[in-house]
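Next up: some structures, all given as structure tokens.
The two complexes that follow have subunit A in common; it is paired with subunit B in the first and with subunit C in the second.
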Partner chain A sequence: MELRIEHLTKQYGSFFAVNDINIVLTRGVYGLLGANGAGKTTLMRLLCDIQTPTCGTIRYDGQDIRTYGDHYRNVLGYLPQDFGYYPNFTALKFLLYMSAIKGLSKGFAMQRSLELLEEVGLLQVKDKKIKTFSGGMKQRLGIAQAMLNDPKVLVLDEPTAGLDPKERVRFRNLISSFSQNKIVLLSTHIVSDVEYIAGDILVMKQGKFIHEGRPDEIIRSIDGKVWECSVPNADVPSLERSYNIGNMRMEGASTVLRVINEEKPMENAVSVSPNLEDLYLYYFNEEENMK
Partner chain B sequence: MKKDPALEALFQQNIAPDINPKVRDEQIRKLSHEVRNMEYLPRQSFAEQILTQMSFISGWVWLAQACFLLFMFAVSQNQRWFPTYGQIALFCLTPALSLILTCEMSKSFSVDMWEMEAACRYNLAQILFLRLCILCGCDLFLLTGALMAYRSTGGALWQFCLYALLPFFLTAALSLYLLRRMGNRCSFMTMAAISLTVGIFLPLFLQCVPYVYRIPSHRFCSIIFTATFLALLLFFYNALRLCAQQSYVYDNRKDQNAWNLE
Partner chain C sequence: MRQLIRFEIGKMLQKPLVWAALIALAAFVVTMGYNWIAPGYAAISTEENGQRVLIEGFKAIPMAKEIAAAYSGPVTDEKVRAIVETFDMPDAFWEASAIDPSREAYCSHNLMYDTLSSHGFVNPDGSYSGRTIQEELGPLAPEMILGYSTGWECTINLLMYTFLLAGCILVIIVAPVFSEEYTSHMDALILSGIHGRRKCALAKIISSYLIALTGSVLCLALCTLTFLAIHGFAGWDSSVQLGELGIFDKTPFLLNWLQAYGLACISWLGGMLVLTSIVLVVSALAKGSFSALVIAFTIYALPMFLPWNLLPDNIALFGYLLPITQMQLMKLFRIDLITLGRIRFAPVFLALPITVIALLIGILWSKKGFSHHQVT
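After this line comes the complex of A and B, so read on.
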């Protein structure tokens, strides 16, 4: 089972939302990391055959997904970034509706819907209208609909955005439990989400993958570029302007800064081992500041 | 193998009865149904798809359509009322009937379900087409009912075209055009505004231009029939274009697909 992406490009006028991407995805969880506007959602829509590429192909087990059509969509599960529900649907009716348009038989749909509602912890509220649900419950229902057809390719676009930490942990665990024997692509700009569950990380910037590999391998690329130093509180504003600062922690009259910089920023700075958040800041902070 | 005479005699005494063909057929039907239900991804006929999709059409659509039919029937029963009130009711209600159709067609966009639906086996284009078939079928039934009620009071066909069909198709065509061009940015309010505009301004326009009635009747009728036919074509053109769209992603940035030769 593989998803082969070759020279995938999506162009709007002179702007490249996705720019000549080549990658082969096999079983496992892939975390797609990138700032807002990096092209994550466009890539996901292209993978789900919702948008047409300007050029390039996506092949599922050797078949072009554009021509494979409903055969591909039969093995696809998708949770979009911004999605809504028909407000008067109950959780169960919503899953039955999604089952119907996924082409599942009625008997199977009912059994599968109840199973999934139990797995996502919504069985007790299956007859309640979705409009009464909290954000976390809606997201859990969202992943349940994506899992209805037991997909081989699961695409989740920013599934944890807007959730509180407890719900995020719960959601991450759900994704982990659903990810067996599947190609799971999870896009996010929340670093900790992919840190825990993704086997491979794809870092996307301006429509291109600038890094791909296991989290520890990727993090190694910024070895020796993360520093920690203690500075007087009064110096913090000027240092913030000059350096890419990660975390800062006040300790009395001084502040401990985590600086991401090619060179040692000051005499008392000590090199520390980087983490994924540092990597994110290293690649995307400049872009965010420009915005 | 040696025959056991005792066993053979026992079999002779207990011969299985002939199978009743009716019972057999019924059993086969039941088992086929069972197998089909157990099948994970069965092939569905178009009629089955329509029936499935019908069960998810909003309840208020059926209710509003039933009210329209009942109202037309009630008004047509009163011969004194019908010429004036019936025509006004038709003028006002048919754009509303059309609004029901376009609202139901656009509900995937208005509640942001379209992206999830587009990634399913029966994708958004197919879902929209199924909805179009269901709603057009119902509206055809309703308009036929309204036409019969209208004709029973002595109204002419050209009048029905002018008061009912033209506003209906015009409203639907304009709303679907906007939906096709704007997707989820085409809100209920926009479609309601179109419906109101057609429902109010078309009769006002006809009232303000009384000389149109002085045109020799056969010519005026031809104009009305042609306008209705054009509105019908426009409606089907927009509806089918909406159902045949390659992508429903509405982005302000200009899409470029010109050189995808893969």
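After this line comes the complex of A and C, so read on.
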């Protein structure tokens, strides 16, 4: 089971949302990390065949997904960033509707919907209208609908955006439990989401993958570029302007800064082991500042 | 597929706006039905104790039928003279009711007298004008039939307005069919499902046509059954040109009320199906539900305000075959029979091939528009 992406490009006028991407995805969880506007959502829509690429191909087990059509959609599960739903539908009715769209037989659809509602903790509220649900409940319903057809390819676009930490942890665990024997592509700009569940991380910037590999391998790429130093509190604002600062921790009259920089930023700075968050800040600090 | 159709029909009908519109239509049909069909506006002026008495409603219907029965059959100059002279009431009756006797022709007498009055057989003071049937009704006059036409005419008139309003409601129901999926971001989920592009799209299309057809048949059945229960079948063979309201008095070919009702049904059902096709295509191609609603409503309503009558008949005919003008009937019924080789047929029959073409375009184009939609 593989998803082979070759020279995939999506262009809007002179802007390249996705720019000549080549990768082969096999069984496992892939975390797609990138700032807003990096092209993650466009890539996911191309993978779900709901947008047409300007050029390039996506092949599932050797078959072009555009010509493979319904066969591909039969093994696809998708949770979009803006998860649409019908506010007046109950959770169960919504899953039954999605089951009909996914081609599940009526009897099996009911059984599978109830099973999934239990797994995502919504069985008690199956007859409540979706408009009464919290953000976390809606997202759990979203993952349930993506899992209805037990997909081989599961595409999750920023599934944890807007969730509180408790819901985020709960959601991450759900994804982990659903990810066996699947190609799972999970996009996010929340580093901790992928840190815990992704076997491989794809770092995307300006429509291209700038890094891909296991988390520890990718993190190693910024070895020697993360520093910690203690500075007087009064110096913090000027240092913030000059350096890419990660975490700050106040300790009385001084502040311990985590600085991401090519060179040692100051005399008392000591090199520390980088983590994914540092990696994110290293590559996306400019975008975050522009925002 | 049946399950998807049930879901789609449920989605279409569960909106508060749709219910408000359907209640408005029901209120319109009931209110106007009361005025036009049951008891209707049949009115008979008669004499009681030397005074003019106006009998209306259910009581007037059998009296009107009785008067019509006495004169039913081919219209002749003698019959016209007899009707006018029989029902021309003495001036004293009008004066007693504080009505100017010199304006008698403009007051209700009964359906026979009022029909002739509307055609110029009666002077303003109520007396016979002396005009012949050929002068007033044209060369077809000797073949025209007089009869009890009030029920038929009122029912067709009511249905005409009902369908014009039903068209607006159809736009409200069908315009969001595809476009609301784009607005609510459900398009991504539907289009990435195995049946999203074909079966679901087809279910939406079938549901839309089912709603249009069911709604139309219900309106037709409700009004027609009420009409038949109150007025009966009498007068079906009388000529539409001799109607009391004059809605088809400009029809340039012989047509009785039963034929006119049949043609009107073709016109209304065809108009509703063509409208459904147009709205489906707009819905599939629009960016969102609001723009789909505005565009569809404009396409539906605008032709009613265009001056088609300034164009030659053969060009204006295209305008008259648009859904709203088709449902209005009158313009379409004013155009003469079309000759095609040895066949002559009423222009309304053109609605049949147009409906078939519109159905094909509606199904194929809206399905293609939805399945090729780019999620944004």
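The rule is simple: the second predicted complex is superposed on the first by the 290 of 291 C-alpha atoms of A that agree within 3 Å, B and C clash if a C-alpha of one lies under 4 Å from a C-alpha of the other, contacts with A are read in each partner's own complex, and residues count from 1 in each chain.
Throughout what follows, a residue touches a chain if its C-beta (ideal position, glycine included) is under 8 Å from a C-beta of that chain, and two chains touch if they have at least 3 such contacts.
Small disclaimer: the values here were computed from a predicted structure and weren't measured.
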{"item": "When subunit B and subunit C are modelled together on subunit A, clash or fit", "value": "clash"}
{"item": "First (subunit B), second (subunit C), both or neither touched by A:F15", "value": "first"}
{"item": "First, second, both or neither for A:T57, with subunit B first and subunit C second", "value": "first"}
{"item": "First, second, both or neither for A:D49, with subunit B first and subunit C second", "value": "both"}
{"item": "Chain touching more of subunit A, residue-wise (subunit B, subunit C)", "value": "B"}
{"item": "Which of subunit B and subunit C A:K102 touches, first, second, both or neither", "value": "both"}
{"item": "Contacts of A:L202 with subunit B and subunit C, given as first, second, both or neither", "value": "neither"}
{"item": "Subunit C region in steric overlap with subunit B, selected from 96-104, 114-122, 330-338 or 348-356", "value": "330-338"}
{"item": "Subunit B and subunit C contact sites that coincide on subunit A, given as residue numbers", "value": "45, 48-52, 70, 73-74, 76, 78, 80, 82-86, 88, 97-98, 100-103, 106, 145, 149"}
{"item": "Contact set on subunit A toward subunit B in their complex", "value": "11-13, 15, 17, 45, 48-57, 64, 70, 73-74, 76-80, 82-88, 97-98, 100-108, 142, 145, 149, 155"}
{"item": "Of all residues in subunit C, those that touch subunit A in their complex", "value": "3-4, 7, 11, 14, 181, 184-196, 198-200, 374-375"}
{"item": "List of subunit A residues in touch with subunit C within their complex", "value": "45, 48-52, 70, 73-74, 76, 78, 80, 82-86, 88, 97-98, 100-103, 106, 145, 149"}
{"item": "Residues of subunit B that touch subunit A when the two form their complex", "value": "36-42, 44, 52-53, 55-56, 58, 107, 111-113, 115-123, 127, 246-249, 251, 253-257, 259-262"}
